[in-house]
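Listed after this line are the structures, all set down as structure tokens.
Both complexes below contain chain A, partnered by chain B and then by chain C.
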Partner chain A sequence: MIRALLLAAFAVLLVSLGAGCGEGPTKIVFWHAYRGDEEAALIKLTKDYEAEHKVTVELLSVPFDAYAAKLEAAVPHAHGPDAFIDAHERLGSHLQNKLVAPIGDALPEKDVASFEPVSMKAITIANVRYAVPLSEKCIALYLNEDLVPKTPRTIEELAALPVPKGSYPIVYEAGTPFYHAPFLSAFGAGMLTADGQFGMVGPGAEDSLRLVAGWQKNGLLPEEPSGALVKELFSTGKANAAISGPWLAGDLGSMKFRVEPLPLVGKTGQRMRPLLTVEGAFLTPGGSKREDVRAFVRYLGGKQASIVRATVGKQVVANKQAWEEPALQKDNVLLAFHAAAKDAEPMPTSTAMRATWVPAQEAIRKVLRGDAEPKAALEEARARFLDALKPPPPPPSPTPLFLVCGLVLAGLAFLMVKRVREPGFRAELRRGRGAYAYVLHAAAIVLLLVVLPLVVGALTSFFAGTRDQPQYVGLSNYTSILTARGGDLLGHGSFYLTLLVTVLWTICNIALHVGIGVLLGVLLSRQWLKLRAIYRVLLIIPWAVPNYVTSLAWKGMFHRQFGAINAILKALGAEPVSFFSHWSTAFAANVATNVWLGFPFMMVVTLGALTSIPKEVLEAAEVDGATRWQRFRHVTLPLLLPNMLPAVVLGTVWTFNMFNVVFLVSGGEPDGTTDILVSEAYRWAFTRNSQYGYAAAYAVIIMGLLFVMTRMLGRLTPKDVEKGEH
Partner chain B sequence: MERTPSLAERVVVNAVVLVFVVFALYPVLWVISLSLSGGGMGEGGSVLPIPHDPSLANFKMVLGGDDPQKTWLFGRQLANSLLVSVLTAAVAIAIATPCAYALARFRFVGKEAGLRTLLVTQMFPTVASAVPLYLLLDALGLLDSRLGLTLVYATTAVPFAIFQLRGAFESIPVDLEEAAMVDGASRFEAFVRVVLPAARPAISVTALFAFMSAWNEFILAATLLSRESAFTLPVVLQRYVGEHDAQWGAFAAGAIIVSAPVMLLFYVAQRQLVSGLTAGGVKG
Partner chain C sequence: MTETRLQAQRIVKAFGNNPILRGVDVSLQKGEFGVLVGPSGCGKSTLLRIVAGLEEVSSGTIEIAGRDVTELPPKDRDIAMVFQSYALYPHLTVRENLAFGLTLRKTPPAEIAKRVTEASEMLGLEKLLERLPKQLSGGQRQRVAMGRAIVRRPKLFLFDEPLSNLDAALRAEVRVTIRNLHDRLDATTLYVTHDQVEAMTLGDKLWVLNGGKVEQTGAPLDVYARPRTLFVAAFLGSPKMNLVNVAVVHQGNSVLAEGQGVRTPIPSPRFGTLAKGMEATLGIRPHDVHIAGEGRELSCTLLVEFVEALGFEAYVHGKTLSDTGEGDAKLVVRLDAEHGRRVKVGEKVPLSFDPAHIHLFDKKTEIALDDKATE
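Right, the complex of A and B next:
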């Protein structure tokens, strides 16, 4: 009781500490995901504005990876900003989640004419305008001035220019739909049709893939190109040309290059039209009610602010009047991107667009690798797109759910009653009273901050649709997962196939984690090993360096052409391996990375556990004439393992749900086959039309599976002897 | 005590350990090379990670060049990270130790159910419980506060801490406490004075684990915190990855800066971790 009161007092204290900052009426909270020059320009503009008006503007730069999630969490609960910068293509989703409000008099009728028509189109849905357009981003053609003095008329001519060995006529992220989209448009296709259907079908789309796959086959494109590789090849003169966005220019230093709009595709005679992203300043529902916020947003899009954003932030601004400024007329890169944007296609705002990326990417990469014909790959992609957008079933009667829940509750109640009526239960309860003083605070805080969110999360699995308008669907998320969405039970992306991969993934990882961890722990506990303190520190490095960057370093090391592992293989006289084209090597790459990340933890746990083995026991065994191996096998190991069991069991559970490594290293390649269950859940939540309920159902199933698995494991190991009970 | 090993044994043991040291260091060398040059992610096409055109520009940028308002932001964010991580470790240990002790030593109603619940919480992927957690912190008034973040991190680390410490307490002979209690100590005093010191290695492992889980986390931190001056370092680093491109060189430089304190901490703390090996030789 006293503990509970103390806890409550503690909570009150925390609340008062947390709510320290007061809020004046004239503070504007403004979020963005800018950095570098763009951020500098925004800060300058804000300062200027604050000096002229009686307001303070609080800027917050949020990492892009967390931006959407943060907006979706904060805005509906009035903790969001008053206004924020985002790309127009997320407007559909933002509207669905009620994160934005119409722009109102921040973009009055008389301002409309001063913005590029294409950017106005992008931020308008059903004749309502939702943002002040700030800048336009699309890709264009970078040419190395020394290598390509005269621009070829068509992309085919560009690709046919002779290059020395180890160089490329053209580099771009060929396996990414965003970069393939201009090819699609030149062949009369697109990512999404006007009526929201998958647009990458038909002879045009197939021809576009055939063109690029032909280049890849003939070695005209680098393999597995990432943004970093494109930058590296182009900036070191190993590529005549690159297709990239304005972000590349800042990294080219003193290199001589020029930028032009994308050329024609010779085969069709059509221009390659890139996808256009318009970044705008949006108002949240709260912010839209405030005149000062609207005024600030209007100012950001105005002529003077646009000139600053263009000159300081290197932005292709959407305000036409700003381009009259002489300083802008001298910047050839900006002018080129400005010209390219005029001809670009604004990205669709519908939420269906988000469901196109992954199927399209899988299809493009499959064709580039030569694993599939364009027609078959695209048909498959369309089927996956349709599957992801399948509307939720009609609301069923809640009876089956109530029945299941009722049965579970009745079962639990029965067990509890049975327990309570056991002879001696009361005495046991009384005897254990002393123990509750030790566990109560932990139980309370875990129930509140861990169990409660978990239960609420699990409950969403009975719903479909958006967070704002959830639709009750009973158990259909579960039945749909467990029946592999009506497809082949072991087909692509089916629950059972993914489960198989996940189990294999877990077994490989845990075996290696524990094996290496115990080996190193035992070796490093030797007193005579002079350097052991240094060794230990060096060996925990994989754990100490943030794993986001190391996972990506591993991915780079596995690169087919430029990776260190293939360089080592080549030095040893072996053939280079294309790691992410085959399931087995891609899986091995994931395992290698995760083993590297995870063994230090097991090593540290082993070091800690070894301390509990009394020296006398080992010495006694030695006196008895046991060999070193016998001593390890029959004395150390049996004493070590029970101590390590918690770490091993939890390590198994964590590995089962280790999403980061799979996502960052193989990304599911080839063709989503190395995905594990939790990355499937993630895809449903974030790339397939935000089906949070479906993802939650995955999470609940994963939990159920792990529960059964650990129970089975518990049966296998002998019940540990209960020591010291009173 | 330990006999002197043969030369062959010395060589083999050192060789095996060195192989793993190379395995551990090689990818990190790529990260270091990247931080000094700013090229691709280990895509140099060579065996040895040699930075081309080495410079410290990335480090300068991370440490303050990217701080247009010159407010020692990086220093403050480093302090935030340290504060949150150390507090996380302390709170997690404080919450978990008594509970783990009770689970190791007492029999009480609800023990099995509690243990099972703890395990189950670890099985649920966080992808589905992040939003409810946000709402809960909002209701508690702990949004956008480092204390709230600490509390969340600590509670996520608590289940592991309880399991780990329970195992350690179980392996400590119960006679030690009984002897203390015969000498007039209460149960709680025996726990604090006898059991806790004996479990120091396990407590160090657990504290290190809790510290690390807080030190590297960025999604929750970025979602829950809304002031730049309250951000932790992983959030700041993650800003170098944009939608279309990333400044890998700066990210790598930041990652190295972020991992240095951890290695220092570990170097100092490893004595605690293995103290049982040297000190535990002779027992009462």
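Right, the complex of A and C next:
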């Protein structure tokens, strides 16, 4: 019976897998990550196309955050789209993962002239074209019409315009490399050099930082600016100008503003050239072989389709001919971004680009905070960049691994045989057959969903390199982690320093969780307290709110200039605190957030544990002469804590791995020093050249640490004081 | 020279509209062993907890050793209490359990050690001092609970049904221990139980509680011999006193109680004059009934239904044979082993009630007609 069910399930799985391969040629699967107007334009175009060409286009909107991962998972197994829209800077990575094929006759030679040259440049690698350019996205200068009627010639003049107190001449996300890149270009530097090296070094890059740091020091820039803050300040007239992308325009409503390309930097006389993202329609290897797919992609980039995308989707289209359309000539914002894009610099497609962001950001923020000189900060950033890109060591002989695995397997087999041969084993097995049938499905699911990923994850840690070209490196990921990558054992970002921070983080949190939880639990269990039910519900709320929501809310509250906490401090006459500029305050902000999230759990556990303490024991203590406090200290507490130990173990594991709070509140600020082990592992996997193997090794080490820690905490239970006996 | 250790006066306790105690007086002299006894829900435990300070009175006053403690918390009353569940501190060893109260009072360590040693020797706990409560048997835990009270040397010991969690054999043993300790320590003790054997054997003074009131108080044997109410009569004694509905009959010079197949003389001087035809409840304990004959006058004839042979004696259960139509009465009779063996189920046995041990209660008020009992 069970076997038949399993077979049936397997068959269904096979059929569904096969369905991807066996599709008829008339259906085109097309992926995108558009929302709102852009999606509406795409849907309209697809409908029009279907009506004319007798093909079916299946549009699939994939969330932007998971886009690359989904492509990487689906395309190699001929399971994904035939074509998809993506940003050109992912081309390098897509090529590496064999997700895209040359565009072929979807962009024939005669079409090339109708596209903006800069967009053609973006989608071309080694003279091969890989996409039909659809739209261009870059940042430009927004100006408040009322405050700045005449555009200054240089950015310095703009910054020097007088503003009332609480307002700023210019706002932008100064701590983000993407927004600093135009300054770099004006000083003759870039994020990445042509040969894939870290470009943010040298006098030009240093000068660009000095310029901005000077503004920051003189209060011309708001502190800790985020996208939301930029929008807030500009839309309320508290900023003369903002540097932002087309997305800002949608949030400005009826405000009078204009958009212009970024100005010159007076010091160098050079124009600020923003980074350009070209969105193109790419062909997957499977889709590139189909004429109907190529025809559809060509259609999307054509003049008529571009006009629809520009008018309905508000896109800065890459097709030059479309701009001759009168309707487009009236949209000043679109025109301005079009103009800005002409002069922009396409984002490098090299995979090394992704490894520049974090070191660059850490360097920029350090300089803006005044913690380091530009030269030193940038040198450090370059070192981190190089470290992240360090090529994997030469593959060692896999023999030792096979030997160890073989020995372990042999040992397991030996134990199994021994167990099977034990007298009565078969009889026992036969007797338990019914029971095994009941747990079989659960065991199979656990095996499939828990054990298998765990083993695969652990195996990943023996490899380096990309997903498609994994290179066996033995234990070198581990040795590298445990030797702090050859650097100072307690140096920046070293495993041991991070471990220290993680342990401190866990201890602080658990102590406060248990302390506050027990205190409130005991208070709530008091008969004399009125409205207990209401308090209990109120106090559980922090736990019920998803932790990322809380984290983002608290991050906002800790803002240097606009956060609630500094507002309170200011009202009390204290100096405002830059929480994320110093390790101690950033760490404290993380802890405060996590304590807020975690104490209700301990409170609820306390309430439960308190009911297990016999009333008579407390009365006996009362008769024995104990005061209220002595009863709590000498009877309630010692009886409570052993009952709470399982909760403490759970809480410890959760806290040790509390990625959300650390990632969202401090985000490792300042300079990655508040990162804990999991967030550090995340950075290796997703911001440092996709070193999944290295991140997997981190994960295995974390698991080992937690295993040991849990065992140690388990030991703490005094075996004979488990429960208040009766 | 006697000294009053406990004086609880007019104690009233109500939970909401539900009265538990309706004006109870209890007093103990130094060295006395007082027992509060009564069925479940009679208020005896509540009264003990009020004396301990664990419950507040609704009205009334409590004095311990001449000091008004009505408003004081337990810790300031200088009392010690042994709980039904023992209430040992599960996380502390026996030694720490014993020392707990003294440590809280900042008694010097040497003094603590001395008292703990003393108490543990007295109770045979020397070898258990380092154990935790869960490693002890029920009887051992019970002794630790007592030890914890003893080391404190309080003015007053309170026991709340301390033997009810023990098995029967152990109960008899610990009962003796408790009484011995009381005497050795010259302690003053207030003891709560629902077990009339404990009440009879332990106490110098007994309070029988019923429905929140004291039904009768006095020395246990006095109360047993001369129950003042039908309730006390039925409550004390095992097996229970036999009760028969009778009417007073005058026959010549003698006065008889007659009803439910029973016809037995009433000794006149003890009960004074009883009106003819007066309705009453006659009580006679199982061991005050004998086989008639050999100079014993017939009181009734018992139809044997069941014989409990205990070896040294036998309890014979049966019913009286009645010809008057007012129904028969259930009787339990204690016979010696010899007679017990001879009696068979279904047999009719002539019985005689010992006139000296007959009790009579007013049918309506349920108060004893025996004038001595009403003193």
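Structure notes:
Keep this in mind: the second predicted complex is superposed on the first by the 561 of 726 C-alpha atoms of A that agree within 3 Å, B and C clash if a C-alpha of one lies under 4 Å from a C-alpha of the other, contacts with A are read in each partner's own complex, and residues count from 1 in each chain.
The criterion applied here is as follows: a residue touches a chain if its C-beta (ideal position, glycine included) is under 8 Å from a C-beta of that chain, and two chains touch if they have at least 3 such contacts.
All of these numbers come straight from a predicted model, not from anything done at the bench.
Residue contacts after overlaying the shared chain place A:Gln630 against chain C, while chain B stays out of touching range. Within the superposed three-chain model, A:Pro614 lies in touch with chain B and with chain C [touch as defined at top].
Of the two partners, chain B and chain C, it is B that touches more residues of chain A. In the superposition on chain A, contact is made by A:Phe425 with chain B only, not with chain C.
Touch criterion met: A:Gly563 reaches chain B, while chain C stays clear of it. By the touch criterion stated above, A:Leu489 is placed in contact with neither chain B nor chain C. In the superposition on chain A, contact of A:Val417 is made with neither chain B nor chain C. When both complexes are overlaid on chain A, the residue A:Ala160 reaches neither chain B nor chain C. Residue overlap on chain A between its contacts with chain B in one complex and with chain C in the other: 614, 619, 642, 720, 723-726. Listed in rising order, the residues of chain C touching chain A in the complex are 52-54, 73-75, 79-81, 83-85, 87-91, 100-101, 104-105, 132-135, 148, 152.
Taken together, the chain A residues at the contact with chain C in this complex read 614, 616-617, 619-627, 630, 634-635, 638-639, 642, 718, 720-721, 723-726.
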